[in-house]
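Dumping the structure here so I can ask a few things about it.
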Amino acid sequence: MAGSTLAVVTAELESMYDPALAESWDAVGLVCGDPAQVVRRVLFAVDPVAAVVDEAVEWGADLIVAHHPLYLRGTTSVAATTFKGRVVHRLIKNDIALFTAHTNADVADPGVSDALAWAVGLIGPLRPLQPLPGDNRRGLGRIGELPERMPLREFAELAAKGLPPTAGPLRVAGDPGRMVRTIAVCGGAGDSLLGTALAARVDVFLTADLRHHPASEFMEAAANGDGPALIDAAHWATEWPWLADAAHRLTSKLGTKGTTVETRVSDKVTDAWTAVAQGPSGLDPLR
Amino acid sequence: MAGSTLAVVTAELESMYDPALAESWDAVGLVCGDPAQVVRRVLFAVDPVAAVVDEAVEWGADLIVAHHPLYLRGTTSVAATTFKGRVVHRLIKNDIALFTAHTNADVADPGVSDALAWAVGLIGPLRPLQPLPGDNRRGLGRIGELPERMPLREFAELAAKGLPPTAGPLRVAGDPGRMVRTIAVCGGAGDSLLGTALAARVDVFLTADLRHHPASEFMEAAANGDGPALIDAAHWATEWPWLADAAHRLTSKLGTKGTTVETRVSDKVTDAWTAVAQGPSGLDPLR
Amino acid sequence: MAGSTLAVVTAELESMYDPALAESWDAVGLVCGDPAQVVRRVLFAVDPVAAVVDEAVEWGADLIVAHHPLYLRGTTSVAATTFKGRVVHRLIKNDIALFTAHTNADVADPGVSDALAWAVGLIGPLRPLQPLPGDNRRGLGRIGELPERMPLREFAELAAKGLPPTAGPLRVAGDPGRMVRTIAVCGGAGDSLLGTALAARVDVFLTADLRHHPASEFMEAAANGDGPALIDAAHWATEWPWLADAAHRLTSKLGTKGTTVETRVSDKVTDAWTAVAQGPSGLDPLR
Amino acid sequence: MAGSTLAVVTAELESMYDPALAESWDAVGLVCGDPAQVVRRVLFAVDPVAAVVDEAVEWGADLIVAHHPLYLRGTTSVAATTFKGRVVHRLIKNDIALFTAHTNADVADPGVSDALAWAVGLIGPLRPLQPLPGDNRRGLGRIGELPERMPLREFAELAAKGLPPTAGPLRVAGDPGRMVRTIAVCGGAGDSLLGTALAARVDVFLTADLRHHPASEFMEAAANGDGPALIDAAHWATEWPWLADAAHRLTSKLGTKGTTVETRVSDKVTDAWTAVAQGPSGLDPLR
Amino acid sequence: MAGSTLAVVTAELESMYDPALAESWDAVGLVCGDPAQVVRRVLFAVDPVAAVVDEAVEWGADLIVAHHPLYLRGTTSVAATTFKGRVVHRLIKNDIALFTAHTNADVADPGVSDALAWAVGLIGPLRPLQPLPGDNRRGLGRIGELPERMPLREFAELAAKGLPPTAGPLRVAGDPGRMVRTIAVCGGAGDSLLGTALAARVDVFLTADLRHHPASEFMEAAANGDGPALIDAAHWATEWPWLADAAHRLTSKLGTKGTTVETRVSDKVTDAWTAVAQGPSGLDPLR
Amino acid sequence: MAGSTLAVVTAELESMYDPALAESWDAVGLVCGDPAQVVRRVLFAVDPVAAVVDEAVEWGADLIVAHHPLYLRGTTSVAATTFKGRVVHRLIKNDIALFTAHTNADVADPGVSDALAWAVGLIGPLRPLQPLPGDNRRGLGRIGELPERMPLREFAELAAKGLPPTAGPLRVAGDPGRMVRTIAVCGGAGDSLLGTALAARVDVFLTADLRHHPASEFMEAAANGDGPALIDAAHWATEWPWLADAAHRLTSKLGTKGTTVETRVSDKVTDAWTAVAQGPSGLDPLR
């Protein structure tokens, strides 16, 4: 049969991304929709924003699977006086359900950082940067190896090629010529893992949304004892590779049960940034 | 007389940047040094990091005036087992005092965001974006006007030229062709002012260290009702313009009292980022 | 014109029931609906429950004004997996907005307890039992007078006649023969006002949802010094009289602006209790 | 020997109702009295209020065993300026000790809800509604079976007959004709167990002190999926059956040690409510 | 008339020592006793301990006025299984009321530290060490002057003579030969005022219950800039002088209303310490 | 080799006094100094105060091992405007490191209270007064035996002789003639162990820094049932005996590794008290 009830699809998603593994502050699972409605088309996207809802409506999606929660903190109103309320109204009006897999997808095996690791060229077995207690396969971030040692400059170019293009380049901290091979990555904002990455003595830590103080303190600490280099990528770009992986796995799992859903990965860049500007000294590529 | 006691210099700095105006969580004032020591050379810098201490030692500085605290949270140890402890040891060994003016310099009149506003081309009277209660001249951020209306694209280029060069370009969110004139700026991480900037109905808000979620939520909210465009610059670059202003004012104030100190503004880029990398689609300048 | 935008109607409701006067823990205002939609029919009800939504759908209401919040604590999901989520889905699907006036209606002048006071026979000027600071007309509860002194027994019968019938009688604590005239009332659960009522030295305090311990401690304390008698009524019944008052006032206010909306007061008893049972008499159907 | 020291009697009571099982917020054990005094007469009562102290003084009791604490929250004064202070003064003046077994009696096996279950006609083995961790015999509430399936209406009448008469009837929520057999009961205020009762999929949950919002939310949730009916009884009435059970067990246990104490169960109704009133019928005296 | 009701006596005591001025954590006022009982004899004591109750019973006191609370933190039991419960039982059995004036007596004018100041030889107008906000006559501690400048050694001897004898000498920190005149005193444990005393630039701060760390940090801070010397006396000894003052004032105030009560100041030393021991001299009995 | 790196010495100290055993609120370990510097002379002292730094400078110490933290709560400034900042500056200027072993030394085996127990004459195996969970050799305080039963008076004299002289005698609570043998001791402020000592049914509890209320409540509680006597000694004196033990152990441990450091125990009395005064006898200089 083409399509399945929403209840069946969410059960499958929760078997892939166990909600019990989400952080206590997180808000995952079904945000709107009726468990009895039929789902034929599933759109995967990083952010449940207006442009993604547009795409879902146009394509005729029955369900959006998003990485980021619509409401991370609780709300007592979904009135269409805010952009989030407008999202809720449009989704319900168009019979489109919304499901979130966030920190439970981050720690899953395979999860968000596995897809990121593969995208930037890591090979071989990946292990969590910060494993769940008593679990050496699941956890936040991943550590893996490059096929061969190479200069930091070269790995940064490799990573830039592997990630989907966004406004603004990757930013790199550390000596461009240093040779690197063992790489830690964390999809999304990985600043909470900076200390872990430092202690793990990897060659590079690649993540997103790094601010001045954490990055500066990390590099000052790293300077004493040959600590890791740091690469900061666009938040959206580090999580997008996971969408195709999740879509593929959902299709397969439903397929083994005789159910077909059509999936699609949104390629709307939902980072806020749409352009860049630079001064007279110009933008220097990695030297 | 050439030089003055540290006590006299810090008193002058505190008359310029009243410590009572610092945020409750902040840590401003004298970090090390003896109030009785003589100060002849004062180095101004954004970050009290190793490279800045190197510069101070080489130049023979007696005092570093830094914008960022060395210890924002309290420590019970300054042992040279951490980079911060090493900074303390080197400073004390070399008779170099360290003084911080942080959020008290942010809200001062003139303060950090005034210097930033002037650097990116704003003219005319500046007013606080978030005034202190009952005070229309001091507060966080500044709002000012461009000499004439211009496309967002043009203002972004102007800002990029006015700020000191760093690795990575300014990032811009919003329609490059929209015409802008009223601009809000905030030196350093201004995400706490996003809501204020939205409510102030300015044309652009320029600040630093914006992460995916706050920027995305701001632009989604702005989309409904023609809200501000957003520009994200390097944290260091947005605060650096203030250093010269502060150095100049200190020299003047001490001069009127018959005291001379030599000042210098560090031009070390102390943002962590030293290079950028981009994929095949390449870096698109602002269109 | 028949009908008005939701924005106009909610602005009028908020001028009657100022949201700034709601308790800090409360959740009032628009819960769902689009400010631009047209409102022609407004249903007033105590509880935003399934039976009330049924009535709204059948009657073709565009707006429900409810006393109780749908979500008092914030939610991150409105999925139709809970009864509250089903309410949201049905409302949005049927273009019915939901607006809550809760503790702001309790303290308003006139508000919930004024309507209750009139319903149980109080006359003359009413004053708040617990006035807002510096405000002698608004606040929680009301104190008023009976037309003449009468035995507690007689006032209880009067109150029972004045309130809409529900399953279960009023419960009375105190000597049935004591003479009473000054009465305090509080619509809804008034246990937080027991101490205030005791100190106010009224003859009777009538409210709802009193539990064993507060009622027992109140009567033990009252026993020493001729304190008030106590009457416990059904929660729904004490708040229902306000609905007609609010509906009438909304119609009038919109009318003075040339707008007509049709209003209706739901008479569904939305207390959970549907029957009673007692030793001798057996199970009585709802009267 | 007739009588025993208070220390011996309280030790026996604590072996029946282990104080370690009381909730952390509770206040159980000896409230006043000297462990060395001799106890010959023990009065069992739900509430340590003035009327019960009167009865104890008249009968010549040496000890009151009460279910409810006199001071649930700590006090720094027992002056006879409050009704609780007057209780303390009268007890100490009359050499009457006071002992409380509250939540430790609720969870005991057998405890308060066992006696309630037997009173309303449940038979067969009873199991806790919310067992203590790792303990399938002790915990809050009890689940049991009726001898046969019967309409809800009939069970409510059975319960009303089995409980001691108080002012006001039992209140029932749910379809009176639905057939029921598996019943959960909880002596006293059982609202904290509503979620547990819903999940336990019993046919009826009978408890006391239910307020509008918890009862309404329970019934709305139950409406989807044939959840339990609800019965609300008088708080005092649901705990009173336990008194005789406790008295009997104390006598037996002391008897096996060669000690005799005389026990008595107070039949003062210490609920605050003394009468009811309703639309048609008027004020009924306490039956 | 000889004697008065307890209500009249406590009203007078509360006019002298306003309970509204007690610290929020304190527990002052009537602890046991009936406001209607007649009071003829009032015993004043620092601590409501067993020896003081003995004295009250022997003398036939109707009321004990104590400085220290019996229960500073709330209790849910006054059973005679603790020494505090035994105090309550003995007091109620013997019709002796207990009244506490603690931090409200500390800040009163005159209060505990006035009596202490006079006892150690201060003269002239006394002013609070830490005035209540907006009040220059009431507050914690007192500052006064010696009749003439004298060596610290001499003032310490004067203070030792002026205070009632206890086990253990006064302890002195600072140069015995330094000349002193302006003295701060605080009855009871004054460590919370150490910073205030340092800032007040007095010559000596005399108080009780000083521990190693606060005293050491005070003297280290004082060493830089000629800060105060420190004297530590017995807690009981610093508060005892107040008892006679309070007794005298109560008698006078009641006398002006035509009422006579007999007062007595307990001279039991209720500090725990009963002897001292030192290297050369051995164990000295209490002087 | 004479001397070792600081890193080696602190590693040895941490093997003796495991920092993981320090209380969560404590601040132990290296406070200043560079792990690479060479240590030849180590001064052991209770308090890191100015007089101890003087001694370290004069003797040419490379390291001070102190029992008390310099900063127990975190600081954001070590400027020489406070006595603690002056300590930091003098230490760093003179290449003297500072290391703290505080509550980790209290609970160690052997630790602070072992040395105290031996100093006051206890023999035989010592056991913790409050053992760490699941550890019968480590914990706070120690319980031991006197060689024979003796009057309390005699033990107090023995203790006074065994401890280093300070201003002020030991203070004793309890009947001087009672016979004692089992003694609990706790170096430093032991008031948190009063309840434990009472429950342990020892004959005497000797500790420091006891204030009026804890001591008074302890003796009132002890009065009922022949509880322990109490001895209060100078804080410094109870911890000083540990210094020699720690110095000896460090030397031995380094010796087995072929390293020699010279150690010295400071005999500066760093209690604040320098003299005493009493009624008859006048001001006694420090013995």
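Chains: A, B, C, D, E and F, in written order; residue numbering restarts at 1 for each.
Rule of thumb we're sticking to: contacts are C-beta pairs under 8 Å (C-beta built on N, C-alpha and C of every residue); 3 or more make two chains touch, one makes a residue touch a chain.
For clarity, every value in this text was computed on a predicted model and none was experimentally measured.
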{"item": "Partner chains that chain A and chain C have in common", "value": "none"}
{"item": "Other chains in touch with both chain A and chain F", "value": "B"}
{"item": "Touch-network distance, chain D to chain F, counted in steps", "value": "2"}
{"item": "Remotest chain, chain A as reference, centres from CA atoms", "value": "E"}
{"item": "Rounded Å distance between chain A and chain B, as computed from the means of their C-alpha atoms", "value": "32"}
{"item": "Between chain D and chain E, centroid-to-centroid distance (C-alpha), Å", "value": "48"}
{"item": "Chain A and chain E: spacing of chain centres that average the CA atoms, whole Å", "value": "66"}
{"item": "Where chain B touches two or more other chains, by residue", "value": "86"}
{"item": "Chain contact graph, described as a line, ring, star, complete graph or other shape", "value": "ring"}
{"item": "Direction chain F, origin chain E - full chain order round the ring", "value": "E, F, B, A, C, D"}
{"item": "In the complex, chain C residues that touch chain D", "value": "47, 49-50, 68, 82-83, 86, 153, 156-157, 159-161, 165, 167-174, 176, 188-189, 208-213, 215-221, 223-224, 230-232, 234-236, 270-285, 287"}
{"item": "Residue numbers on chain E that touch chain D, as the complex places them", "value": "27, 29-35, 69-81, 85, 88-89, 92-93, 97"}
